[in-house]
Amino acid sequence: MDLPVLDHLFALTGALLVGLGLCGFIVLRHPLRQLLAVNVVGAGIFLILGGLGRGGSGTDPFPQALVITGIVVAVALTAFGAAMILRVAAEPAPENRQAGEDAGETR
Amino acid sequence: MTAAFDILLCVMILGTAGAALFLRDPLAAIVFLIVLGNLLGLAWLTLDAVNVALAEIAIGAGVTGVLLILARARLVALGDNVVCEPMPLWARLGAIALCAGFTAVLSCVVLSITPDSGLTARIEALMPRIGIENPVTGVLLAFRAYDTLLETFVLLGALVAVWSLGPDTAWPHPPAALRIFDPGLRSVAGAFGRVLLPMALVMAAYLVWAGSDLPGGAFQAGTVFAGGLLLAAIGGAIGLPRADSPALRLVLVLGPLVFLMIGLAGAVLGRFLLFPDGTAKMLIVTIEYALAASIAVTLALLVAGSPATPDKQD
Amino acid sequence: MSPIDLLVVTPLAFMILAILAGNRANWLVPAIMPVMAGLSVWLVLLPHDAAHVVGGWELPLGILLRADGIARLMVPATTVCFLAVGLYARSELLPGPGGGSARSQTFWPMMYLMWAGTNAGFLTTDLFNLYVAIEMVSLAAVAMAALGSLQAALRYFLIALVGSLAYLMGVALLFANYDTVDTTLLAGIGRPDLATRFALAVMTAGLLIKTALFPLHGWLPPAHAAAPAPASALLSAIVVKLGFVILVRLWFEAFPESAGSAVMHLLGGMGALAVLYGSAQAMRQDRLKPLVAYSTVAQIGYLFLAFPLVAGAQHPSGAWAGMMLHGVAHMLAKAAMFLAAGLMLKAAHGDRIADLVGLARAMPITVTAFGLAAVSLMGLPPSGGFTAKFLLLHAAIEQGAAIYAAVLVIGGLMAAIYLFRPLAVAFSGSDMPAVETGAPLRAAAPLALAVIAIALGFAGAAAVDLLVAASPWANEAHSPPEAVQ
Amino acid sequence: MTWLDYAVIVLLFTGVFFYAAGSLGLVRFPDASSRLHALTKADNVGLGLVALATALHWGSPAIAAKIFAVWLFAIMAAGMTAQLLARTAKDDDEARDPP
């Protein structure tokens, strides 16, 4: 089996993951599901980076390190996003408290 | 044979991703995201990237999965059942067409780039100067230590940001308890947590130590210990700390602080983050142990969430 | 030791100190002021093109930090803004009698994180390092926006996340294509192939989302208008500028060959529409902070309207100086305006423009600051805004770009109309409303910022010389990109 | 191929068979307790066999020890989750139709 596409197999899978995740982000209307979709897009980007860094002498450690950094940043942002979604859900009252919004906010 | 395995793996990855995105039941979707994370870990193993595989399974599947399951459970408790209103058909078709077009172009772009080992040779040539064997740790903590330094502050900042979201009445109380309330369930989970916590500590220490020469490192180790902490908290073996506890804050900033101090010591000697010859390994391992401790506590508290008003607990 | 590192390390160290200090974190502001001011001066005094790799690891593995012209300009300007905002926030976020609130403890680490992130972004030449810097800034920015409106912050967060991922995808493709993510290396080897074009397209789209250029601006007005005044000031003045600076680096420094005239005019056209749309929306607002927020949408437009003028000029130094000066003038004036607006709204009984009646008598210093900031934003002489718009207009006329010239003039007129309204109301009325006078430092902060924005205009010639010396074309023989002609 | 290789192959296939049987049970059995019954028992046997096969294949005591640790953790986690699932399922059933 030496189809040329096999060299690109994981990178192409990554590209399709990005596409799927993007589609999910647009179609899903709940922020938690969108957060999940963003994670899928991120995983796809990482897989592109890894798949294209694999050549004759192994997988390049450089993109591997970038991916690990990316995964950690992604989980930090996911945690913050989830906390924010929970807070928005806990306060369903619309946020347009009109008068003195700013004055009240910062005290 | 391997090609067949790779293709099967990629098909499973895409199928799982589809399920994680488009299943109607949110809990099932999150479970499929966890499965996706594990399959991606396998893909990274296939690519000989064991460090990434560990990070992907521990963080991408493990922590993210727990985080989303917990968020969903709390949303359901608030009366939001996390089900999306379906979009009108034309909008869905439009979105699908748009993404299909985008994916097609992206695939062409990916195919136009020849995979190569890139900087592998350069990195191998420089590794003897650091005195460790794992090239990924070398990139993370020597060549690109500056990225990693900033990233640890992103993690710390995320926790402070999560704290800032708590309602005014909640500060500085601990997050809503993670522990199981049913006494029978809790006794099982608690016993498990008590057994696992020391084991997780040992394993984390080993992962950092091994990380200089074998796959592993501060992030993977921190995540493993964070998992132990979370299980212990779920079983009620440990409680969650208050946000203003000085001891907690000291642990949280320990890793970034040690990293920053060692970087500044290098600056005094000539360059920020310079490791003098012969000391690189010692300094890297020091940084990694401090980082692993901070990362473990930070990740566990990120999962636990914002401070909660006390009367809502129990 | 070099200020290039310390400008990032110092805010990070203060972030740690702020976390450890808890309720006493506001005492750190006076401590960081002289340090950062000194480091900024040191940065400006560095020899031209001072640069070094972190830890002594050479490119392409290491990360190159560099004090180029843009950094020399933007870092001191952000320092001034952060210092003023820090002083303002210090008196606003004093912990109450019953101990601190979450806000008074978490604002400071977030502010220092944002500060470190912007400085890291201005000083690095590495595209992946920039990604981490962008995330530092975005995280802090969303957390600050969430102090005002959680819903607006959540929307901002999700959109910013997509923007970051688009940028990250571009970085991934560039690395796979060139085995480096350093702009100085890419500048030598960039080739206009499919992968590069696509990477540039997605990165630009992602950064435009973060910079809120029309029509990707939807998240900005609610988030910036609802946040507390110091947060709004940082968001509007500084956060959106980081994306702009990265775009400038990308198009004019790393890939000048790819900067075809079609791309430049696309960005310029979006910028022109942003000026008109943002101004029109600002004119329709009847509340003060949304007005100022829509003014940001309009003012960002000028930054991108300048792209085709810089790319198309025979001697891009004039247009370049105009673009950069506008960035700095807007940064200072907008920070001043949001801080002044915060004080005015605290004194007034509502958040509508009509509620500002008589404030000019009650709080003359604050209204003066608002007025001076407005002068710079309108582009009236003498002000930094005027010099910037004059340089841009000059370049547009020289190139026969009638549409851009017309937008520059019309945008200035519209700004005059929408900014005159709150001022006219503040000066109207005969009786003086009773206003509690806050800490004097709080009123001084916006005034100082506005005065510096005006002073940029007086120092016009010197500033322009500095900016021309700072352009990527200053030292090199090569003229602007040849693709554009 | 030595006898060891044959042993490894036999162990692997038996292990995979148990996994397949467990998964089939998970899909086909009607209620939570019988599904758990299929999954936990069959999968633990499958895991043990696969772990044994891997240890034999590598033939190094150090690696065998690590694989043993992996097996131990997996068994512990499976045991605990099965307990939790079973108790929760029982509570749910009792809540749905009280005895």
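Each chain carries a letter (A, B, C and D) given by its place in the written order, and its residues are counted from 1.
The rule we apply is simple: contacts are C-beta pairs under 8 Å (C-beta built on N, C-alpha and C of every residue); 3 or more make two chains touch, one makes a residue touch a chain.
Owing to the predicted nature of the structure, the values given are computational and were not obtained by experimental measurement.
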* Asked: Between what two chains do the most C-beta pairs come into contact?
  -> A-B
* Structure fact -> Taking each chain's mean CA coordinate, chain B and chain C are separated, in whole Å, by 32
* Express in whole angstrom the distance between the two chain centres, defined as the mean CA positions of chain A and chain B. => 13
* At what distance in angstrom does the C-alpha mean of chain D lie from that of chain B? -> 27
* Asked: Which positions in chain D touch two or more other chains at once?
  -> none
* Of all the residues in chain A, which ones touch at least 2 other chains? -> 11, 18, 35, 46, 48, 52-53, 62-63, 66, 69, 73, 76-77, 80, 84-85, 87, 91
* On chain C, where are the residues touching two or more other chains? -> 61, 128, 132, 135, 139, 142-143, 146-147, 150, 173, 175-176
* To do: Mind listing each pair of touching chains for me?
  => A-B, A-C, B-C, B-D
* Structure fact -> Touching chain B in the complex, chain C uses residues 1-2, 5-6, 8-9, 12-13, 15-16, 19-20, 22, 52, 54-57, 60-63, 100-103, 105-107, 109-110, 113, 116-117, 120, 128-129, 132-133, 135-136, 139-140, 142-143, 146-147, 150, 173, 175-177, 179, 193-195, 198-199
* **Interface residues, chain B side, partner chain D - complex** => 180, 182, 184-185, 188-189, 192, 195-196, 199
* In the complex, chain C residues that touch chain A -> 61, 92-93, 128, 131-132, 135, 139, 142-143, 146-154, 157-158, 161-162, 165, 168-169, 172-173, 175-176, 226-230, 289, 342, 345-346, 349-351
* **Footprint of chain C on chain A - complex, ascending** => 11, 18, 25, 31, 34-35, 38, 41-42, 45-46, 48-49, 52-53, 62-63, 66, 69-70, 73, 76-77, 80-81, 84-85, 87-88, 91, 94-95, 98-103, 105-106
* Asked: Mind pulling up the chain A residues that touch chain B in the complex?
  -> 1, 3, 5-24, 26-30, 32-33, 35-37, 39-40, 43, 46-48, 50-69, 71-80, 82-87, 89-91
